[in-house]
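Here come two complexes built around chain A, the first alongside chain B, the second alongside chain C.
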Partner chain A sequence: MKQVNITDEERAKALSPTKKPEVMEKQKLNVRYHVENYNTADRPRRFLEAFAVILKYSNYRFALEHFIRMSAKCARCTVQCPISQVSGDMRDIPCYRSELLLSVYRRHFTIGGLWKGRLLGKDYLTDEKIEEMADAFWNCTACKRCTIECPSGIDHGLIAHLGRYILSEIGIAPRALVVSVREQLEGKTGNTSAIPVPALIDTLEFLEEDMKEAKGIDIKFPLDVEGCDFVFFPAVSDFLMEAETLMGIAAVFTATGGSWTTGTGYFDGINYGLFYSDRMLERIVKKVHAEAVRLKGKSILIGECGHASRSAKYFVPTYCGGESALPVYNIMEYTYRVFKEGRLKLDPNVVTEPVAYHDPCNIARQGWIIDQPREILKAFCKNYVEMEPKGADNICCGGGGGTVSIDEVRPYRTSIAGKVKAEQIRSTGCKYLVAPCANCKKQLRELVEDQKVDCEVVGLHDLIYKAIIFDNTANNKQSAK
Partner chain B sequence: MDTFLEFASGSLFRLSFAIMAMGLLRILVLDIWAAIEAYKRAGDKNVPWNQAFRKTIAWLFPVSKVLNSRPAYSLLSIFFHIGLIIIPIFLYAHVQLWKGGIGFGWFTLPKLWADYLTLGTIIFGLALFIGRIVNRASLYISRKQDFLWPLLLIIPFITGYLCANLNLMPKYYDVFMLMHILSGDLIFILMPFTKIAHCVIMPLSQFILALAWRFPPNTDEPICATLNKKGTPV
Partner chain C sequence: MPIFEQGDVKIDVDEDGFMEEPEQWNEKVAMALATTEGVNELTERHWKLVNYLRDYYAKFGIAPMIRKLCKETGFSLKEVYEMFPSGPAKGACKVAGLAKPTGCV
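Presenting the complex of A and B:
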């Protein structure tokens, strides 16, 4: 990873407080993100209670036991972490951050730690340590780049995930995420962007008219069709902000005769539970699966969104019946398949500017989707340029782990967390930066704006929409499965 | 002195070896047991074992990994580990001791190789210690044991080399031999209780990593009930 430095001015701006001192005092919390008012009394005891309950009902204990014995403190993770490299703050070293929680586990949940604590009477969890964890775990973008180079096999992403979960159980979680999940699970609209069904229908009709005008044929967004091959869940914010991506997806299905639908009962792929609470993660995943089952769909299809794809792909089997759960696909898997079958025709003369591809961590880090979008892009983009490192070793956009939805930390995201990415993009000289993830797109747009990088951030299907050829559509209606 | 030597290489050695063997075996069994339990509870049983196996091999022989992060430190660490594993097991004098104790021996290193490897291990251990001190990040995150282990580990190598190669007066020979055996005994005793336990559980790491994100289903309700959160808004 290329060494990137920031100026003192940038650092001061990125790390400046975003809240009034009286709020921080009232909440006993010196963090940059906003938190809803919560019970601040007796936090260490409540933290430990929540930790104990989570350990009892989860699978974390076996991993923590392994991690505390394995941790060698070699600092290899430091080199891999784009935040640590830019901030230069020792507290951003992944292994240091993980140790915050591992030391609590070692002291309070192992026999040795309990005895040592009783005999020496020290290292009891303090308010200060809770405050440090509340800051540290949300400075991390959960990109898990540190984990791939850890010889001890310590998953710092898992530890940050667990730390956030425990903190959320005592009321410490970013307000932006909590409010969205509340609307999604208990609100009238049932989705994170609070889009009512009539507004959804209006939007889709508007897009259909737009596509008719642009392409000259009927391209539909099927709603509530039962028995389709795919029940579609984009990041719901796409309905407001990523019209081109949605139109590209609809165009691909129309051109290839795919069988798909969106359900009006539930149509949000976003799952912020992945970022701060397994309980919320489970509830949201179950909503997705239930809607697909209601529509008698054969599979769940997630739009261009990394975290939505990962949370469905890996947690639908977990929470919805293992092997009997519906299979989950990302839209790029469908598009790649029809492309390889020769059913998707793309005009190679439309996109002539330099194009680069950004790997969203949630779909690339484990090697799930890396080559498929590249192969498609190389087929119709004359001037495709590659970023290094890429694929499973990619650099995070700087807004991962839910931080992109926390608007008050934008200076941190674009000056520190995304700084390496900005330089990586700049060095490609690309005109279009393809980022098939709603979170990455938002972050990267803010990043290129703040870091003054001259390029346009788009989705894969945005470019496909520009170049798609509707070739003998009627004959192209073989099964989409 | 003879009594001390006899005690250190006899009763104390057997005790420390037993502590090490049983301690490490306990950790290994507990780790595997906990992983099996976690697998049973997991809602998604589709774990990428093959990928975990491939990664395990890659980390046991980390040739492809070494240049990715802190290459100098990583290379030193690999050489240090090679010395730590090879010398105690394949040194002629050690094998002869085993032969006397259990009745059979195995392949031994030629003396010249053993000497070079011993000297290398000492140098690599010292370099690792210095590397930990001079690297800011490493220094910041290190615990006491992280500084002490390289130094403790090279003591039996230094003393062993002195005993094997220098024409020392018998009095000094005995002192160094006692230090050699006692430091070895101490290392054995500490192994199961410190990070050196990784010598047996390291091959499990990638499997545990693969399994760690396989959560049990239906945890929302019992957690809510235990934390008195049933019915409370999100």
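Presenting the complex of A and C:
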């Protein structure tokens, strides 16, 4: 990773609070993100109670017992963390941040810690410590790059995730995420962007007309078709923001004769529960699975979105019946398969500008989707350029872990969290930056604007849509599975 | 809840300055909200965009897809950004009195 520095001025601007002092005082919370009004009384006791309940009804204790024994102080993760590299702040070192929560666990939930604490009468959890955690865990973008180098196998991303979960149980969580999840689980529209079904239908009809004009053939978005191979769940914001991505996906299915549908009962892949609450994570994942079951679909297909893919891939089996749960795929897996089978024809003369690929952390860090999109891009983009580091070692866009949805932290995201990424993009000289993830796309567009990098951020299927060839004679009759 | 006050316009807004009660919207409110978005004058082009957003919102309860907004008003995305520097979702929707968009928008 290239060394990137920022000036003190930039740092001060990125970290300056946007909230009024009286709000900070009222909420007893010195953080940049907005929180909804919550009960500020007795926070340490309520934090410990929430922690105790979570430990009782989860498997976190096994992980924590390992982590507290393996120290968390060597700081080798520092060189991997794009945030601590730029901010230069000791508090941004992943194992320093983890220790905030591990020390609470050690003191209040282990026999040794309880005895020692009582004997010496110290190390109680205080309001100041809670405030420090509330700030620290949301400065992390949960990219998990720190886990690559940790010699002790400590998962700092998991610790930040648990810290956020406990904090959310006492009412401390970014309002932007909480409001979206409330609409998704309890609101009238049932999705994070509050899109009513008539608006969805209108949007899809608009896109179908648009594709008819552009490509001259009928490309459909099948709605509520039972028994399809794939039930499709994009990040729901794609229906507002990402016309080309959706059209590209519809075009691939049409060109390859795939069987897919979108359900009007539920059509949102987004799962902010992954970022702050396992309880919400479970409820959202169950909604996705239930809709696929309602439509008698054979599998769940997530659109171009990293966290949506990871939350479904890894938690549908956890919460929806283990091995009997429906399998989960990312759209790029489908596109890659039809591409390898020779059923996807792409014109190599359409995209001639330099193209680079950004790995979304949630699908690349564990090695799930790295080479597939690259292979497709190299096949039809004449001028493909690679970023370093890449793949499982990739650098976060700077808006991971839900922070991209928190508009009030944009200066932090684009000046500190995404700074290394901005320089990485600039050095490729790419015209198109392919980022197959709704979170990454939003963040990268704000990043290239604020950091003045000249490139256009697109999805993989945006480029495929430009280059796709519809060939009626192709062997596309067979159903895709 | 914050209150936004300018001239004889006084409305409830959220922390980001979006209207809490879109029914209170009128042209004066739009002009006042525009100043918070760095837009000092609402030209005919601005109104075309704002009115389209309002009509769509009245019909569907949500802002239209950005591509649809551009196509039906005839403005390119670049032109929308020139009119409303913080973009269609944040700037134009705010002036049109729509609620703040949620999710990855």
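Criterion: the second predicted complex is superposed on the first by the 477 of 481 C-alpha atoms of A that agree within 3 Å, B and C clash if a C-alpha of one lies under 4 Å from a C-alpha of the other, contacts with A are read in each partner's own complex, and residues count from 1 in each chain.
In the analysis below, a residue touches a chain if its C-beta (ideal position, glycine included) is under 8 Å from a C-beta of that chain, and two chains touch if they have at least 3 such contacts.
Just so you know, these numbers come straight off a predicted model, no measurement behind them.
J.: Should the pairing of chain B and chain C on chain A count as a clash or a fit in the superposition?
T.: Once chain A is superposed (C-alpha atoms), there is room for both chain B and chain C without a clash.
J.: Looking at the overlay, what does A:L158 touch: chain B (first), chain C (second), both, or neither?
T.: In the superposition, A:L158 touches chain B alone.
J.: Determine, for the superposed model, which of the two partners chain B and chain C contacts more residues of chain A.
T.: Partner touching more chain A residues in the overlay: B.
J.: So in the superposed three-chain picture, is A:D202 touching just chain B, just chain C, both, or none of them (first/second/both/neither)?
T.: second
J.: For A:E99, decide between first (touching chain B), second (touching chain C), both and neither.
T.: Touch partner of A:E99: chain B, not chain C.
J.: With chain A as the corner point, what is the angle to chain B and chain C based on their C-alpha centres after superposing, as a multiple of 10 degrees?
T.: About 150 degrees, rounded to the nearest 10.
J.: Taking the superposition as given, does A:T147 touch the first partner, chain B, the second, chain C, both, or neither?
T.: A:T147: touches chain B, not chain C.
J.: Given the touch rule stated above, what does A:Y319 touch, chain B (first), chain C (second), both, or neither?
T.: A:Y319: touches chain B, not chain C.
J.: Check the residue A:K390 against both partner chains and state whether it touches chain B (first), chain C (second), both, or neither.
T.: A:K390 contacts neither chain B nor chain C.
J.: If you take every C-alpha pair with one atom in chain B and one in chain C, what is the shortest distance in Å after superposing?
T.: 15
J.: Output the chain A positions appearing in both contact lists, the one against chain B and the one against chain C.
T.: Common to the two interfaces on chain A: nothing.
J.: Which chain B residues qualify as touching chain A in the complex?
T.: Checking each residue of chain B against chain A gives 27, 30-31, 34-35, 37-38, 41-46, 51, 59, 62, 65, 68-70, 73-74, 77, 135-138, 140-143, 146, 193, 195, 197-198, 201-202, 204-206, 208-209, 211-220, 222-224, 226-227, 233-234.
J.: Which residues of chain A touch chain C once you look at their complex with the stated criterion?
T.: Residues in contact with chain C: 19, 34, 175-176, 179-180, 183, 189, 191-196, 198-199, 202-203, 206-207, 210, 235-237, 239-241, 243-244, 270, 305, 404-405, 407-408, 438-439, 442.
J.: State the interface residues of chain C toward chain A in the complex, per the touch definition above.
T.: 15-16, 60-68, 71, 89-90, 99, 101-105
J.: In the complex, go through chain A and note every residue touching chain B.
T.: Residue positions touching the partner: 49-50, 53-54, 56-63, 65-66, 69-80, 84, 90, 93, 95-96, 99, 112, 147, 149, 151-153, 155, 158, 169, 178, 181-182, 185-186, 278-280, 282-283, 314-315, 317-323, 367.
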